[in-house]
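What follows is chain A paired twice: with chain B in the first complex and chain C in the second.
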Partner chain A sequence: MTNTEPLLEVDNLQVHFKLHGGLLGRHQATVRAVDGVSFRVDQGETLGVVGESGCGKSTTGLAVLRMIDPSAGSIRLNGDDITLYKGRQLRRIRRRLQMVYQDPFGALDPRMRVLDIVGEPLLVHKLTSDRHAYRKRVLELLDLVGLNPKMAERYPHEFSGGQRQRIGIARALAAEPELIICDEPVSALDVSIQAQIINLLEDLQSELGLTYLFIAHDLAVVRHICDRIMVMYLGQVVETASRDTLYDQPMHPYTQALLSAIPVPDPRAETAREVDPSLQGEVPSPVNPPSGCPFHPRCRHAHDACRETKPPLRELQSGHAVACHLYDPAASEVNAPWPVARPA
Partner chain B sequence: MNTDASGQGAASVAGHVADADQPVTGEAPRTLLQVRNLRTIFRHDHGSLTAVDGVSFDVRRGETLAIVGESGSGKSITAMSLLRLIPSPPGEIVDGEVEFDGRDLLELSDEEIRQIRGNEIAMIFQEPMTSLNPVLNIARQIGEPMEIHSRRDRDSIWKRCVDLLRQVRIPDPERRLKAYPHQFSGGMRQRAMIAMGLACEPKLIIADEPTTALDVTVQAQILELLKDLTRDHHSSMILITHDLGVVARYADRINVMYAGRIVERGTSDEIFNHPRHPYTLGLMESVPRLNDSDGTRLRPIPGQPPDLSNLPRGCPFHPRCRFAMDKCREAEPPLEQLSEEHWKACWVDLDDKH
Partner chain C sequence: MSNVSVGSASVSSANAAEQETVSGRRRNRFMEFVGRLVRERPLGAFGAAICVVLIFTGVFADVIAPEGYNAISPLDRLKAPSWEHWFGTDQLGRDLFARTVHGAQLSIIVAFAATTLSIIISAVIGIASGYIGGRFDMTVQRFVDGWMCFPDLIILIVAVSVLGPGTGQVILVLGLLFGIAGSRIVRGAVLSVKENTYVHAAQSMGASTLRILLRHILPNVMAPIIVLYTTRLAAVILAESGLSFLGLGIPPPAPSWGGMLSLDGRTYMFQAPWLAIVPGLALTVAVFGINMFGDALRDLLDPRMRGGGGRFIARVRKRAPASQR
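Then we have the complex of A and B:
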């Protein structure tokens, strides 16, 4: 993690969807699904992206994969600006970026054998010379993800959810990607199976030196697997920090509320835990986002500035950035209702 | 065939043991619902599978009882069997008693059970999107149970609907009642479902994964609301979930289910702090905790969830159990009482192993 060059560098990414309606299909509104997101992922690390539905975390993942065209901003992979890649160039970088999907039932073609599901990327990217090498490589991959290579001739419906997720991971690994985007990879699985897949992802990372962009809403899972975490709200990054800093010293009121909302599996801790009562209501529609700070209608610390101007993401301590007016260094006094280490 | 035979054995054992769990209090029984030896099967082309296999438990007045389990554990089928909501065919309740407030729900006529559904026992489902009728406005849907079960006139039903929406904290209730489900967000739909469930002040609410489809901040709001409302109305609740955090916060007692059986039962405190069944222990060890320190490795339960059409001999959990002994492969353990509130179905003494 001492590499100076980030593997992935995203700068001011915007993804806007136009909504059409009416008789002539005229442009009615614009959804700002991702609205100015910047981050970097270093070689070998896991960056977690958390937030509630509609915060733009999956859209960010799809834009990085170039499955959705960004409206603005840039995406650099190992220094190459891939934002505008098309055709053959795009196919070539797709080998370096792979995805593990949430739904292990929908993600696999039911009419293909496991052998062909896992092997398809080898053919698409012409990574194998003959049938024999192809088969050998697929069996190796199955073994790597903990599946019996004898299962290669079977079809997806013969597998349980956890096994299908392993097949999906084997397919993602086939092209030897540099970055794997995991979009809610365990949320559709049973609790006892989730841990198997989390351990597998961790083992693969240390064996193969993989880099993950890990998108999830389960904060306990994210804490377990990620090195750094980025919290999104309504298409924007509200806080980024290293794993421990984010959980031990959350600064953005949204991060604090999110952490206070999660029940932990311990009845004694739960009896003592207070749910932050300030967090009422739901995430507003991204079609018509609030003015100023996107979180202000639900924030108990909101003041005039929050309604008027959008707070920029500011780095307050090394590696810990927050987009919140409470920590505005230009303000004459610290508005924060809790002690804050001011930037030097 | 094999599963049926072993299921039969388990059922009779569980039924026998459960008799010891009868309440001993005097005139006002503290037990609201008493389930004994419930068996629900699903028939298919090649035979049948037993989704609920001899389950016995009580729900006390005013308590929240959680049923915890993974897919295929039979937790939802158990709940649906109580209200006889199992689609038949292919499903069939083949054995058992469900005594609710002095009546056996399994013996009632179709008309009589309809009088109980939505009136004395309400059910809140996981999917607020599919459980609401898209072509009826919210007022019609919340008012429906009252139209069926009470003799209120339209005005008083409307007033009650406004009051209910207020109770579930939907702002501007008069206007919202005229809206249709698609105009509501996910959290609002779930609130409307809860309002519907509460309309007739049920004695028992069955909440089947009530917040699984919702975001965590909304989940916290909905669950706190359910807790307050059941407390205010002195209702009992059966909370079905796979989320151990939710259980830790809201349940008084817990039934842990695996492969259609209750494998452990106890107070929330005992189940979390002193689990005695290896499956319960495995669940506790396999969830990441927010306070995990760096580098803690999760300890997953090996293997795959049970296949009900092909259960092993003996204890259904033994192929995934790290403590399994020869006996576990041969005979199924009965649910036996360890202390006043703690029961387990396992041959292994976990205290010896620690």
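Then we have the complex of A and C:
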């Protein structure tokens, strides 16, 4: 699927928030929430974005959706540069980008019936001609996400979390978007319901050829649904790879640390498991990011170069890119990739 | 697009029962609400009954007291209450019962018109200011601050002396006065509602601002607006009476309760005390009833009170020690 034109192409995206304070509201500091992120999503694939809280993964999603204005960089959707779209043009482009939210309780207007919630994109973008077609389409969508169409007249508070998430997905599908941004769509759900929703998303993808940008912090969920994974740290991409490569051969010390933190279902293995100590402590503040590599204060392999220069994202193998000095081919002291430490 | 096998409820068999519940739901909800009002807030139900009587009296004033409020009968001056004149008569021999009933009509007209005007002003200013936010919100709110710094009575007196007395002027001035002050409450509600994910969802869907305001923000701030409406009704009735008492409200011979208290009531307080007592009592009962109903409405519309959740918890707590033993 990599030979085709990318559906979404993000180049050097930066989102900086200015902090104002003091008596006159002067500019005090800048939060570099997303600091130079580039990636592409191909038609029909699922790109996972993972990282700790505050690493800028949700902000990246919102910037792609143009809910937050990027400070720099470009966002291209199917060849259209949507970075600077405004007003009516921006509202029209939003038909092509839809979002599934984390909180299934807050994402649905409590005063609206399911019929109106799911059908709202149809009305907003004038996609149905009459009342009858509208209703038919909404019932079809409910059916598609595994809800009983008879529930169309009910209000959101009558549904469980998993059902509400299905309603949210039906709404996202209504306008037949090109890209669906899933912002932690299952992290607020019970584990058993998570599986159902993940399966639903996969089934819909194969049925309708959907493309997902899947933001999550649960690595097990990401492994299940994503084709490619992008690991973010402090507003920057530290590693991108296809799913299997990333889980089998993580290269960046941060990715390795993250993977070592996945619990193992076997209790004996679980007690023997060693979590990389670098994940202890706090993520540095994006207001005042560390010099050089953003991960160096927590990295156990950090050396002088890491403190001084920021490692570029280098593609080492086809489709596997890492931003780490350990893999710098030009470095005087060559640091060969160390044996991959995987928990049992 | 056909059915995707996802492992969920079966999809077939739509039936007529569903259609039936849909049409009946609205009516059921109203009856349910009345039931809850009576059970959970009996005083509020009493207030609601007073409101119903007040509105009924106002609407059918001409039927209840067909002789009108201004039928002068010099022979019957200052008669005490009797079977013929239930509330007695005033210094011109006008039947006080008829005047009180027509006063209810006047109060209702002024109260509903001024309150409706004020709520519209509150909603427009509050929603725009709260939703748009930023500099616009800041500027608008400083104007509201400035307006609220003025004592109400001074604004009223100035406005009425400029515009002259009359029902329309009173409605306009009271509506503006209460509307601007009330916009704060609506703005506060909008500020909390607009942070909800569903508003964000509507924005990211590409919905226009107008659509978001009308379809998402307004329905979700309706509860405070309804409560504001009921509390303002009573306040407007009182304010109109106050204005009429001061001679700045609705000019005689129109039977405003405040005016009746001031003109006839005060002058003949010792010879004919019923002239002051009756309109005063009418005013008190009306305001009491509306306030009680408004309080009950506020409690019942609070989502935390919905479905009798509070009572359920209380019941569980009571039962808990027994099961522990």
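Rule of thumb we're sticking to: the second predicted complex is superposed on the first by the 328 of 344 C-alpha atoms of A that agree within 3 Å, B and C clash if a C-alpha of one lies under 4 Å from a C-alpha of the other, contacts with A are read in each partner's own complex, and residues count from 1 in each chain.
Keep in mind that, in the parts below, a contact is a pair of C-beta atoms (placed from the backbone, for glycine too) under 8 Å apart; a residue touches a chain by one contact, two chains touch by 3 or more.
If you're wondering where the values come from, they're calculated on a predicted model, not measured in any experiment.
Chemist: Based on the superposed arrangement, let me know which partner A:Arg268 touches: chain B (first), chain C (second), both, or neither?
Modeler: first
Chemist: Could you look at A:Gln196 and tell me whether it touches chain B, chain C, both or neither (first, second, both, neither)?
Modeler: In the superposition, A:Gln196 contacts both chain B and chain C.
Chemist: Based on the superposed arrangement, let me know which partner A:His132 touches: chain B (first), chain C (second), both, or neither?
Modeler: Neither: A:His132 stays clear of chain B and chain C.
Chemist: Of the partners chain B and chain C, which touch A:Pro149 in the superposed model: first, second, both, neither?
Modeler: A:Pro149 contacts chain C only, not chain B.
Chemist: Per the contact definition in the header, classify A:Leu65: touching chain B only (first), chain C only (second), both, or neither.
Modeler: second
Chemist: Return first, second, both or neither, reflecting whether A:His224 touches chain B, chain C, both chains, or no partner chain.
Modeler: Touch partner of A:His224: chain B, not chain C.
Chemist: I'd like to know which partner A:Leu279 touches here: chain B for first, chain C for second, both or neither.
Modeler: Only chain B; A:Leu279 stays clear of chain C.
Chemist: On chain A, what residues does chain B touch that chain C touches as well?
Modeler: Shared contact residues on chain A: 196, 199.
Chemist: What part of chain A is in contact with chain B in the complex they form?
Modeler: Interface residues on chain A, with respect to chain B: 52-53, 160-163, 190-196, 198-199, 202, 217, 219-221, 223-225, 243-244, 247, 257-270, 273, 275, 279-280, 282-283.
Chemist: For chain A, which residues are in contact with chain C within the complex?
Modeler: Residues 65, 67, 90-95, 97-99, 101, 103, 106-112, 120-121, 124-125, 140, 143-150, 153, 166, 168, 171, 175, 196, 199-200, 203-204, 207-208 of chain A touch chain C in their complex.
Chemist: Quick one: in the complex, what on chain C touches chain A?
Modeler: It is residues 1, 3-11, 14-15, 18, 22, 25, 196-198, 200-208, 211, 215-216, 219-220, 222 of chain C that touch chain A.
Chemist: Give every residue of chain B touching chain A within the complex, in rising order.
Modeler: Of all residues in chain B, those touching chain A are 70-71, 185-188, 215-221, 223-224, 242-249, 268-269, 272-273, 282-292, 294, 296-302, 304-305, 320.
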